[in-house]
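Structure incoming, see below.
In this document, chain identifiers A, B, C, D, E and F correspond to the written order of the chains, with residue numbering beginning at 1 in each.
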Amino acid sequence: MSQFERSGARATDALRPVCITRRYTAYAEGSVLIEFGGTKVLCTASVEEKVPGHKKGSGEGWVTAEYGMLPRATHTRSDREAARGKQSGRTQEIQRLIGRSMRSVFDLKKLGERTIYLDCDVIQADGGTRTASITGAFVAAQDAVNQLLADGKILQTPILDHVAAISVGIVQGTPLLDLEYTEDSACDTDMNVVMTGAGHYVEVQGTAEGAAFSRQEMDALLVLAEKGIAELIALQKNSLLN
Amino acid sequence: MSQFERSGARATDALRPVCITRRYTAYAEGSVLIEFGGTKVLCTASVEEKVPGHKKGSGEGWVTAEYGMLPRATHTRSDREAARGKQSGRTQEIQRLIGRSMRSVFDLKKLGERTIYLDCDVIQADGGTRTASITGAFVAAQDAVNQLLADGKILQTPILDHVAAISVGIVQGTPLLDLEYTEDSACDTDMNVVMTGAGHYVEVQGTAEGAAFSRQEMDALLVLAEKGIAELIALQKNSLLN
Amino acid sequence: MSQFERSGARATDALRPVCITRRYTAYAEGSVLIEFGGTKVLCTASVEEKVPGHKKGSGEGWVTAEYGMLPRATHTRSDREAARGKQSGRTQEIQRLIGRSMRSVFDLKKLGERTIYLDCDVIQADGGTRTASITGAFVAAQDAVNQLLADGKILQTPILDHVAAISVGIVQGTPLLDLEYTEDSACDTDMNVVMTGAGHYVEVQGTAEGAAFSRQEMDALLVLAEKGIAELIALQKNSLLN
Amino acid sequence: MSQFERSGARATDALRPVCITRRYTAYAEGSVLIEFGGTKVLCTASVEEKVPGHKKGSGEGWVTAEYGMLPRATHTRSDREAARGKQSGRTQEIQRLIGRSMRSVFDLKKLGERTIYLDCDVIQADGGTRTASITGAFVAAQDAVNQLLADGKILQTPILDHVAAISVGIVQGTPLLDLEYTEDSACDTDMNVVMTGAGHYVEVQGTAEGAAFSRQEMDALLVLAEKGIAELIALQKNSLLN
Amino acid sequence: MSQFERSGARATDALRPVCITRRYTAYAEGSVLIEFGGTKVLCTASVEEKVPGHKKGSGEGWVTAEYGMLPRATHTRSDREAARGKQSGRTQEIQRLIGRSMRSVFDLKKLGERTIYLDCDVIQADGGTRTASITGAFVAAQDAVNQLLADGKILQTPILDHVAAISVGIVQGTPLLDLEYTEDSACDTDMNVVMTGAGHYVEVQGTAEGAAFSRQEMDALLVLAEKGIAELIALQKNSLLN
Amino acid sequence: MSQFERSGARATDALRPVCITRRYTAYAEGSVLIEFGGTKVLCTASVEEKVPGHKKGSGEGWVTAEYGMLPRATHTRSDREAARGKQSGRTQEIQRLIGRSMRSVFDLKKLGERTIYLDCDVIQADGGTRTASITGAFVAAQDAVNQLLADGKILQTPILDHVAAISVGIVQGTPLLDLEYTEDSACDTDMNVVMTGAGHYVEVQGTAEGAAFSRQEMDALLVLAEKGIAELIALQKNSLLN
């Protein structure tokens, strides 16, 4: 079978150009613009010296995320969630995923009784907004933690490992890494994978959009994802150098 | 390492007793009480002769799901979502999952311009409510489709295959099939798997609650899930015989 | 005038078969499935060791109720209130009625600063859901109180008397006890009566659905209601024996 | 037992001074300020040439009511429902009662496919706001109907009879007509009665606030209510003369 | 150019008849019905012995306003905001304006840690409801402050000056004072001006409804407004004499 | 009196550096990032081929605006409006202002029955977000109109003139142009002015935050605003050249 041809002659196992810009806005403790090709997400980390009710008095902190999309981030304008008066199921699902992913690499005890909010706002959407959000939010969180260390508010980092995420999917029978919008719309199977720097899984969410997928197909996708996440973690590390 | 001991000396790869009661309530086109041990979910299928906006005039039908939990289905009373005025992120995530799972085995063209609503209401919750919901909702949907066929409203079944779901997880290092509440609370990794009768994946949602999990662990969980789902589909078939 | 003929040749002054099943679910302090013919309501009583704001520091407790209906409890599917984001006026009216009825037989001082929540969830609706809810909720409340006594949390029962409720109405000129759905839809006058074991009124709510009703008609309805409630209270007592 | 002494030496079976002012505001088809002593309610009737969905194409009209209370109508300020974002259960219960009461004397066929909205807004509350609302809303509705007749939009009145309402209650053992706020707060039993000009019941809503009430007590209250409503209907007729 | 002719041959620089009725309702600390011609607004001032969160422990009080309109205050019925479940942008804009205007003449320190709520409810609307609200609310606030002084709760008045408001606009090229509804609908430029007794500006809100307006036009409008407000403040003072 | 010293030695009548970047995102018909110093707002114009209800069948189009702020656009994190479930009064006030300002320079007839949505999302806030939004939204709207002209959907531009906005205020007695955040927080009087290319006023909104302001002060502010807006319109024109 002839392989699906990607835009820009991208290889099936290639990430789109990834660009991580730290200190993108001025006030947040961490502020990162992450771009996966045409997908652009602003990830900010905000530190607040209080915790939600279920953590009060526990000595532990909390890490949580919110996700939003500007109305015209997409090809056609979407309703503004604030105007509609509620967040969609999709938005809530994504922000819960980002939050769990971040907490998987945090020792909440070492964070102390404070909260890190990770706000991931999509400026432009071309597929993979949730995986870009996780990958960028980690860098913003790292910057916020570095600030806490620099200020002497914590003495040890609560961050245990890197975490990053990528989408993989099968389009016209071809397993692809890092789906862009047109690929995502056409795919039979879509999988989002979140992994740590140590190469372990934090989340695996595979969905058959069309036909159900076989064990062999899942295995092929997991191999692609592992490759992509290793590259993303290298890029995170590089961006944090300076 | 010594293995985690399950309540009732249940084997690590054993389902809890599963009970499927059809025609549980009188009015719905399909009405199924499904029990996975102490978890009891009432799944009803309701047919309405109209479709949501995005399907109008398409000649295609729609299959969707809603999920709810009675306030005292759980060990301690939860707030009633209708009283709080909104469904939680968890509820929305689950009902989206049930809906996608059902649609994966439906040919919406053959359904015609009508909607099947699958309402999954948890009467008692002891872990695995979303997987019981999917497994029971399929049987309710089948009953509703049989009614449509009997009434001559459709001539061919739109159902392409069975679909069922099960949870698997790793508790104290031991991979377990079909987690009950105490196991779910204690697990490091929790995975919900939805598969078709043909043995293909519809959804795989694995989450590291504690430590991230390795590829080997995921493989062990997938094997358990495949075994459990094959058994559930046999039970679905058996319950649909009479 | 020839009398209205009831389904199953039921006498005009006869209740439908009433079935009270205690300990229907596992976790609630009181859990009762009550059936008035085809109407099935799950009534749970949950004890929480706190009170709403207006009772804080008063030394008194509180008893309150919430009411819900599964979407397909009815002949055609109703919208889920949690999905619509608010409880209907009808729902609020019913749950306020149940709460007042329960409090009418409670000495809140003797309950101590704790709350009993009575959740009445309609599994199947064939008329009389609010009266079945009150009648069943009393049994669930009694079970919860017995638990508090057994646990030594209270030394004297706060329950002063039984309370039960029944609907009566005039259909085609015939006064009827315990209306089922088809009778309720056809009735000219509909009255819900709540009474104590001592035979006193807690609530009388009569509504002319069609023509306004005369004093004689009201008197006839009150006699029927008194008979029905006496029978219901006998059934409550019997169910509480074992 | 010595009788309860009412403010202003009012007799137990006496209404407070009732004042009905028609054409109170300029724009509504009917606009009535009704005063029961210190209770002042502005009742407007608005005609709209459309009907709600369930009446579309039926050839029938609809009559409905909304109820509100200015924040400082009461002794202490209440939250504004528009600011809280929802109407309380009490508000909804009252507006449903007003609507049913009005519809009981309307032939919706003769109204034609249009809606009469009755807005009852409490300017000052001293007990009996719902009964004043019903009594005043009838006069406003009559004015709106007269306008429709004068405009030739309908040829026959859809109004079948008068309707009015009064509260009765038992305070310290004494049955009283037309409770003011201090009496209402102190009463053991509170009953709202809605009757037609023909002397038939539209609604009877009796509630034991303290001890449950006996049949004899209810009978005494119904006699009082009948007397009060006859007087109110005479006042309605008188106000409609000019 | 021939001048725009006003209803009742009103001069271009004349206010409509203004009527200020104090103690209009019984319970509020200040209760003022203010009429600007056909516009009638009930302004009540309620004192509560607590402050919002941002003032707690500050030793300062707070003054805030809420605004509402009865559904049939207008020519055609508007939806009730409590029923729709939210206040419109217009309502919020107006109540924020009233609140700021009141606070501009209050020394919050001298008020002590208490709140004055100014509820402005429009009974009938014929243009200028926001300016009537501000002008009337000041009188209600003054009455509430006088009550606090009389009760010895404060020793010095926190009120620094009078404040009043008026609308001005350009209709068919003619600058007009105090627009009524038909003028407001037809105007090219609409300006609301809030001024103190000392003749200084608190708010100036000019809006071009049609063509943008020139500096000369604005100057003409400001002169008119200054004249009107001086008259309103004289009327406030007069009404507060007795 | 010594003059207030501005950051960066900015002159009292100087704008901050203004930067207008067109085509900032890929999908919107107009997409402009506008920066007033540290204030950065993304303004997108989206064309939809339908109009709101009040314009249906009129042959006229509609221009409207929505405004939002990313949670960490500000010094401390603000709640996300979509998560809170409603837009604040401030948000609604601002988006109504932007919408009115845009419509003041649009001939809605020439636009045809379509809507231009202007979404103004604040990426970073350092004072003046509403005036930057208006100034940037105009450029985005112009780009969208140019697209409609290029596509032949309209034959004549519906845009009648430029429109731009600036804030002015009095800080410590000194009138200042284009307030940044620290100035805005400290100012006694704050005025937002919206003007057309022809030098006429569209909106003037002056508010005394502290002491009321005199006519002379207002005049000084209007002169500053006129200077600033002329410069902004020159910058708009320049940015639209290429």
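Here is the rule we use: a residue touches a chain if its C-beta (ideal position, glycine included) is under 8 Å from a C-beta of that chain, and two chains touch if they have at least 3 such contacts.
The chain list, named the UniProt way, goes like this: A, B, C, D, E, F = Ribonuclease PH.
Nothing here was measured: the structure is a model prediction, and the numbers come from that model.
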Exercise for the section: State which chains count as neighbours of chain C and simultaneously of chain F. Expected result: none
Practice task
Quick one: how many steps at least from chain A to chain D, stepping chain to touching chain?
Solution key: 3
Problem - Chain at maximum distance from chain C, centres defined as averaged CA atoms - result: F
Handout entry: Selected pair, out of A-B, A-F or B-C, that shares over half of its residue contact pairs with E-F
Key = A-B
Handout entry: CA centroid of chain A to CA centroid of chain C, Å
Key = 51
Problem - Between chain D and chain E, centroid-to-centroid distance (C-alpha), Å - result: 33
Practice task
Provide the C-alpha centroid distance between chain B and chain E, rounded to the nearest whole angstrom.
Solution key: 59
Exercise for the section: List, in ascending order, every residue of chain C touching at least 2 other chains. Expected result: 85-86
Practice task
Follow the ring of contacts from chain E in the direction of chain F and write out the chains one by one.
Solution key: E, F, A, B, C, D
Practice task
Can you check the complex and tell me which residues of chain E touch chain D?
Solution key: 25-28, 31, 38, 40, 42, 44, 46, 48, 66, 68, 70-77, 80-83, 85-87, 91, 117, 119, 121, 123-124
Fill in the blank from the handout: The chain B residues in contact with chain A across the complex are 86, 89-90, 92-93, 95-96, 100, 104, 161, 191, 195-196, 198, 200-208, 211-215, 218, 222
